[in-house]
Each structure stands twice: as C-alpha cells, then as structure tokens.
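The two complexes that follow have chain A in common; it is paired with chain B in the first and with chain C in the second.
This part shows the complex of A and B:
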C-alpha cells in the first residue's frame, strides 16, 4: 500500500528522502514506514485501562515511548519515559507540543572533523518509537509540519523525516479549557497522522485503528475486543460535547482572514500588543506549528572535531531577522509582533490553504504578559469590519 | 617563548565566585587549558607574569585606586574578557549606588571608615574597552569553556541575547508565574539554561537585561501581580541598576512623591512571592 498523494507526507517524503541524502536508507523503506493512506477508521476496538498500560509497557521495552507526564502543579510535558505508569492520560495541554519528538529542541545534525580532511557524518535517528497521547489539535499540527519540513519547496529535511517515519502515533481525545479554539481552525476532530486514536469510555478506551501499523500493538496486547455499536458511537458524541464546550472563537471565516488582516496591516492593536510584548519567544517556542530553527557548531575539548546543533529559534527574538551586513529587517518590536499573526493567518494560510495555527492555546496560556492570540486577532478583525462599514 | 596563547586571570571588587566556577569545571577545563599557558592566576597559582594575551577580568570597579591597574591590564592584553556580572554589569553591589559611599563605609566599618575607599560601583567597561562579556552571577561553566574554545579558534562568540524564558520553555519547566510567583526571566539574558527556574525559583536577573528589553511591559505585568513600583525597581536594581531603561524607570518614579518607604528596601533574594 502506498501513501495517498493528497494525504500530504507519505509519498512525497519517501521520494525526496531517498534523493536528498545518499546516506539515508532507501526510499522504499521510507515509503513503507508511511503506510497510512486510510484516513478513516478501519475498525474499532476496546481496551481496558490495564490493557492500555500494558501496551505502553511493551512500547517502553520494545522501542521507545514519548508521552505526556506531569511536570508541576499545573503543567505537563511530553517526555521520553521508561515507566508506563507515569503517562498522564488526561491533560489539557503540554508546555511543549509533541513536535519535539520529530524536531527536538536541541538536536545534533552532524559530526565533523576539523583540519585537512574535513569529514561530516549526518546523524539520523530512525529508531522506532511510540508517540502517545497526542490531541487532535497537535495531530493537525504534525500534518502541517510534515508539509513544512517534508514537502514545502520540494525539499525534505532528512533528520525530521527519519524520526517522523519511525513513529507510531497514538492520539487521544480531550476536553477544552478557555484557551482552546480548535473549532475555529478545524482541528477539533482530526485523526490524520495517527495510527491509533483513543476516546475514553466506561470500559476504558475506544480505540480507532487507523492504519496497518496501528494493528500491531493491539495484536500483541491480546486485551482488546471488538467494540459494540454503542461504543463505536462514542468518538462522535465525545467530539460533539467537546465542540459545545469550546468558548474561544475567531470571529471570521478562515478564508477571509488573509485579506482582512492585510487590510489592517497598521492596526492599532499591534502597537498596543508590542507595548506589552517582551519578545521572549515563548509564544512560538511552544507552538506546535512553528518550525524556525538556528544552527550552530560546537567543537570538542581537543579542538579537533565537533558537532553541528540545531535548536528552536523564534521570529520574536530581536536578532532573528538580522542578515549579513548587520541589517535587521524586523528590528522594531511591532514588526515582529505583527509578523506572528501574519505568518499564521496570511502567508502560510495562502500558501498551504490552512492556517498555521491549530487552536491549541499554548501561546496565549504561556505568555507571561497574557497576550491572547485570538483576542488580538479578533481586535484586528473588528477594526477591519469597522473600516468596511465606514 | 611558547606559541600557545597566554592567559591571565585578574580580580577586582567581587566575591570571586566566578573564578571558583572556572576552577570547579574540572576535567573539561584541564583538557581545554592544554591549548593555553596560564601565566597569572592569583586564586589558583603562585607564579605570575606580566606578559599575557587574553585577560579574564573578574569584579567591578569601586575604588579610584583600582583604575590604573585595570588600564595596565588593558594595555598588555590583546583580548579582555569581563568574567561574570560584576565585571560586565557592576554586579549585585551596583545596588550600593543608591546610597552615599561615605554612609555605607560608616555603616560597615564604623570608626574605621576613614581607612577605606569606596566610590561608584561600575563595570570594567566604564573604564576600559571590553572585547567580550561573560554574564552570570556566577558565570555558567559551560559558557566559559565555550568562550575559551571560540577564542582559541579565532571564531566570534555570540553572546546569548534571548530571554531566560527561551531556555526555560525549551526545558519544559513549569513557569513560576503559574505558581503565583513573579520572574525576571522575560527580560533577562539567557545562557544559564534557566538554572533557577529549573529548581522552582524565579529568575533574579543575574545575567542582566537582553538587548532592547521591554522594561515598561515588565513594570506593568509585575504591578498587575501586586508589586509596587518601588519594589519593581528594586528587583531590577539588584543587577541592572545601571541599565538605561531601569534608570529611566527609577527617575520617573522618583519625581512626584515625598520620601518613599519601600524604596530603601531592596527586593530580597529568597522571598517567595
């Protein structure tokens, strides 16, 4: 089975991956890894809580497991874990999104030797792992990153693709808080990208098996049974209840956003936001769809060899847009502030056809200046509408 | 004469914590020091020489009598590195600048005050040109090693210019604001890997402010969290008393009202809200 070309990553990445880097495994292997052409439920099973913990325990032993864990009184984060009991099934949002499974916050790209015979060996991590507990908004974001890192401009990032192809992704449904607005950006009931998707039910979890790869953990567990017709209806009911509970909304159709925003390029609210913004970069570093990075070299203690590291960067940082010669084309804070909204709802929306925002609410929740993404957006929209009336 | 770069360490007014950090690096330090000759280091060795290429200068200047010595170091060295926030920013004792030096001497030494000298506390950059600052109180050991490697390879070192929030978030730490505390991380220069917030403490701003810090935003946010303007200025003054935006804040605050009660009480380490 091959990936569906309209389905984003699979075929494209597989092809480019082989071509991009001769040291990667061949494109055939990559293609097989991306067997997830069927977007809709293949079948539904039921796993008890114990059965699920067993599946996770096996994931820890056989491969590796990244899953949400509690980090503090109110915060959670995805971590590589050995202890399946540490997995937090029920959480609103993690500090960092699961993109760090594919795009680690700090990542070694290659090793090099200094001196006459410079040699560089790319470091590709394609060891299989299970990424557990991904909410629909974050699943949507993974699909967008697949496009950005794997397909955009016809180039694929081999480091991203290696990790991405190695992942078995288990999604899980959630309930929103006041920061979530997945219903405004069409991500509340996403399944694409997941191999398995869980919805909590009385008997434990209703498991939607979405891909071939998703069958394996269930087959090994032996705990699963087929779902009854009532149980099969659970995801739909859960999804509907979730939609009812979302309170934050973007006051516009998505398609209208680019033009409306562009009309209000000089909106007052960007100035007001800039007066309060630290340029600390938190809003983008915690964003599941942001993918800007910086690359730097570090040599070893003998000054003989070294490593090249990539780490998250942010368009909000003062130095982000400094180019050769020293010119900074977004040296003013207000320009950096505006850029965040324009990037998500104008430039990439036009290019990709969907906003580069999945409504997870992280940027607003974790901004210590309490700058709300939707509040600012709605203020700009209100200005635009007022102008239209005049 | 050896071809290795000659390195010397010097100290002025400080606690020597930054030199201690260097000494505590251990094995990695020994490895990288194989590429240099240490010719002068009062805290670590007895021999000394006046011939050196790279001078690491720790401590701030607060006595006029120290200035000629500092200037001699500058004349001899090809590169002067300010080692730690005392040398780079003035250090925690810049907060002394809010008082009359003679009053402080009296407070500290009583009748013997006349035997001592004190003046405005300032970073070494107030007197000489500095090639590279290493911020931190104390410095971060890894950053020191990295700086040394860059100098040895002749590559420019980029002083981190992101906020502490950057490293804090990359590590996935719980924000102390979520625990009802406040934090100077959003305007403080990173490079420490958010070591304080990793332990549940707030950032005290020991690495100084980022370039173009939004100090007014910090003032607004901290006021919303229940701090008075004087307390906020006190928080900033511990390390960034000399930063222009903090001075503007202090000047604006000093204008209208009579004597301010809390202004004399600096924001203390260890207070928990």
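This part shows the complex of A and C:
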C-alpha cells in the first residue's frame, strides 16, 4: 500500500518545489527543523466520531487544543478551547487562518524593566499543543510560513519555531465554496506539515497517520481500527470530488505568472482596484501566508516595565513603507495594491518556487470592497494575452 | 552586482530579537539635530561590521530603530553612531549621554564592497545625514591609504549649520590625494563656500579617464536620481556605483517585510545596491 499513489493512497508532497528555480537555495524546502510527514502515509486507521471527540478531549486535558469553532451564523474561527464538543468538524473557512497558532496577532517577544542594564530573556512559548482541523490549503500555508519564518535568509525566528515545533497538527479535508481556488495553486491535496489527516467517511473518519508524532493520539485511543481497502480509497475519492466542485480558477500555469505579471506592471486593473480599495489591511490580516509584522514597546502605567511586542502589519497600510523623515516609498495606493499581487505571484513565487497564495479565498470573501484576488489576477492575465496577440 | 558575503551576528538563536546591552562611552552634539555616540559593547569587544552596515538600536520603552554605523572597522574597542533626532527612538536617544545604556542588535546588511574600491579612485557623494555611513567608508580608506587611489568627497547640506564632522572634513582635505568639496543648498550668512545642490559640485571635479573610478552615494531619496545621472555622464560603469537605500528595517533579519524593495530585502540584500541592481527595480529610489 504505502508509497503507491495509484492505489488509493493520496500523495502528500509529491510535487517538487522549486522545479523552475533550481539555483534558489531555499526553494526545495520548508525546513528540516520540524518533523515532516513522509511522502506517503504510514498507515490508515478509522476513528468513529465518538472516538475522535475522545481524542480531542484528551488533547484538552493533556496539552492545549486549538480548533475551529462556530462564531456566528456562517463564521468560524480557530480558538484555544476546553470543550471538545465545541470543535466544528465541518466548515468552509475560518476568518483568521491557523497561522495564529504560530504567529499570534499580538505576541510578546521579551519583557523588560526600564533602564535595565541586563539583556532581557526572550519569551518563547514551547508548550505542546494540538492544532486541529486544518484544511489542505492552510496546511500548504503553514509550509510556506515554515520556510519564510524558519530558514529563509539563513535565520530562524525563534518565537515561531518554538510554537511550531510544539504543535501536533491534525488536518481535515473539506469541500469548497465559490471563493476557493486550491486547484489553481496546487494545494487541494496537501498533507505535508500534518501529523494526522482526516477524511470523513460513513464509519466516522479515515485517519492518515503521517508522522511518528501522529501515532501517539491513536495509540492512546482504544477506538482506532485499521482501515479496509475501500475506506483507504476514501481520501482520493473525496479529493477528486472536491476538485470537481472548485469553480474559481487562475487562468494560467503558475510557472508563467511571474513573467506575465511583470510584463503588466502598469496594468489598468491595478488602478481600478486601487480606486475601490480602502487600504484597510483585511486581505493581509486574513491571509494564511502573509507574515509581515510590526514591533513596538508597550509600557505599563507606572512606566517601570514593559514588553516588546510584535503584531500583524500590512503592506496595504499607508505608513508601511514610511522611513524616518517622512518619505513614503509606497505612498500611492496603486503601488500598495500592486505589491500584494506581485509579492504573492512574482517575488516569492520566484524565490521559493511556490506562490504565497494557497487558494483559501479569505481575502476575496472578507474584502470590504469586494475585490477578488483571482478576478484581478485574471484581468492582468487577459491584458497580457491581449498584448501578446497584438 | 558584486556580492558581499552575508553575515549574521553571532548570537544565541533564541535571542534573535534580544538586544545586547551596550554603554555609551561618549556623546557630543554635532549639530542642533545630530548627536554622535561612542558605543561600547560588553567586554570591549568589536562590533565586527563593514562600512555601510547598520545596527538596530534599542531603548526599552521607546522601541528600536535601524542606525548605520559611522565609524570604520579600523577603530577598535568601540564604534560610533551618528543619530539625527527624527522620531520617538532617536528623539529619546538624543537625550542620552556617557554612561547610559542602549541595546544593540547587529550588524546587519551587506555593507559596501570595499574590495571594489581598492586601487580605484573613490568618489564619495553624501547628502545630509548620508555622511554618517560614508564616514565609515572614508575612514576605512584613510586607515589603509595606499591601497586606494584618489579620494573625492562631495558633500551637500541644506545650511552651514547642518554640516557634520566639519573638523574631520578639513583634516581629510589636507592630504593631496584627497579632495573634499562641501556645498549648501542656498546662500547663507557667513558662508563663503560653494552654493547649490550636491550635483552642482560635479562641475568642480575632474576624473582621470585612464583610472578606474568607484562611487559610493548616500543621501535623501530625492538625491539619488540626480546623482545617478551625473555619474552616468562621467561614464562610471553602473556596477561600480554603490547606493545605500533607506528603509525602515524593523527586524534586520529578513522577516518583518518593512524594507522590501520588490523581491529584495534591504536588510539582507542591501542596504547597498549597485546602480546596475537598482535599474532592475521600479520602486527603489
């Protein structure tokens, strides 16, 4: 069974990253510092719904659990939870992506006493936890972040690495809505990064065990049994059905995007998009692959001590590229708007060999001005093609 | 472009964002808004920087800011930072003096490819506070004078009161191999020197066409396009022109994103870029 993608076992990371950027030292890797799932699953088990809830209950008791919960009628979010029954198994997308488990919206880097002569100790959160319910697109994003925060530029971010190394990740398969386009960015079948991956089946869940770490929760559960060959075929069938239902598409091969976009640096659609954009930063805040941050000091009321914090920042904010003295290198909104598409589909795609977009649809779904990431991209591509014809 | 070996500070990996506490050895005001600090690291160790590199300076409660190193690596046991008070951190820093402590992370960035300057006539173009990092270049050249050809320094300021390192400028000019030209933007009382923006100094110099010339340029963003044109007219090849780009580096280690110039990070791939490299960008200067 194992190692045979044609026999019902989904391929986890068969794609070769960096195939079109062979010189790029970072392109083939998300980082060896974390235990990686192997290319193919080690084995498949079946857990009943009750058995799975028990596994989650144990995670709550023994460590910590972050999982999707319902927040509103149609909105979901990843949260630290104590009640395993609150976990939402079936959801399309959360508002904030699970990156917040590793890169919190706000986090303390260090504590200081004002005027201290001693170096502060870094605050590293390495308490084990389970991150449950991660869809393949978000798994792909975690791999992108592992590279960006883990080893890009030869430096690992210790705060990210501490949290990331402490996580046991359980993925779960999903069905798309009209905003999803995972099939265009090669993220619909992702397994890499997960320790366990679930697909809903009649008997409960087919569990792909992907790492050693992933064996532990199953070993502790009396419920798991080996999957039958029919059940082992479930992920493949589920994945195929998911792909069939995806309706939103990028009208280009990924490899062609950097050159096509660069040729249309001044594309009309960036101006049109800028005219609608509010520069609110929602798109980057909800993006599972965006990782830019700001750092600042917070001081207590007595001005005696404080913390150095980092928080999400956005290249869409007016002051993102301001320097001392006031010069703004992206003072025009169109430059900030263009930067978002270029960053995802030109600069980082070239450098890493994969786009920094995983097709989750969050930026388009939550945009206050209803700007669609794929719509804009396809307009640029249409302009490029039109130009090529002429 | 000429690649400069990438260096990262020797520090504990866990302490990537934790500054080392250093002591201000000496501080003096150079102008009404610029102050020069001598910084001593614990144990009197050297910073180990290259000209053109920067450090992140911290004051707890006020944050952190990227500041380029103003002394040359030839100076041992301490280094110097020339700081203009422009924001919260630099405003606070301006009030500090000898014995006060500041946090230091770094050095970061690539720095100037000094090996390219060796044996060449060195044309240094500074605007305002841009003199701070270029002083490190100048002193590197002067510390090993025979290794380099002529040194021509063109330095522009808004007013005579803004001129940094006036005594040193004078001392540098005393050597026949050095030519130091200073200008101010508009006529001012008591100033009998050159008047006009820094590009007007190019008329005052003559380059030896038989010699290799390498240029280093640091100044306000608005200056770069105009200096670029002058250097191109003097037929200095683009890959021998070095510009240092200003960005607001928050992390210094290629993560936070603030210093991106298209696909490059100024804190990693810069801050020094050749003219050739800059031509590839839309949004660099």
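Here are some notes:
Keep this in mind: the second predicted complex is superposed on the first by the 353 of 390 C-alpha atoms of A that agree within 3 Å, B and C clash if a C-alpha of one lies under 4 Å from a C-alpha of the other, contacts with A are read in each partner's own complex, and residues count from 1 in each chain.
Here, contacts are C-beta pairs under 8 Å (C-beta built on N, C-alpha and C of every residue); 3 or more make two chains touch, one makes a residue touch a chain.
Note that the structure is predicted; figures quoted are calculated from it, not measured.
By the touch criterion defined above, A:250 reaches neither chain B nor chain C. In the superposition on chain A, contact of A:281 is made with chain B only, not with chain C.
Contacts of A:260 after superposition: neither chain B nor chain C is touched. In the superposed model, A:134 makes contact with neither chain B nor chain C.
When both complexes are overlaid on chain A, the residue A:303 reaches chain B and chain C alike. When the shared chain is aligned, no partner comes close enough to touch A:44: not chain B, not chain C. More residues of chain A are in touch with C than with the other of chain B and chain C.
Residues 296, 299, 303 of chain A contact both chain B in one complex and chain C in the other. Touching chain B in their complex are the following residues of chain A: 71-75, 77-79, 94-96, 105-106, 275-282, 285-286, 296, 298-299, 301-303, 311-312, 314, 317-319, 333, 366, 368-370.
Chain A makes touch with chain C in their complex at residues 109-110, 112-122, 124, 148-149, 152-159, 265, 291-297, 299, 303, 306, 308, 310, 313, 315, 320-325, 327, 329-330, 335, 339, 342-343, 346-348, 350-351.
Contact residues of chain B toward chain A in the complex are 28, 31-32, 35, 145-146, 149, 152-153, 158, 161-163, 165-166, 169-175, 177-179, 183, 185-187, 210-214, 216-218, 220-221. Considering their complex, residues 6, 8, 13-21, 60-65, 84, 86-87, 90, 101, 103, 220-221, 246-248, 250-251, 253-258, 260-263, 265, 268, 282-283 of chain C touch chain A.
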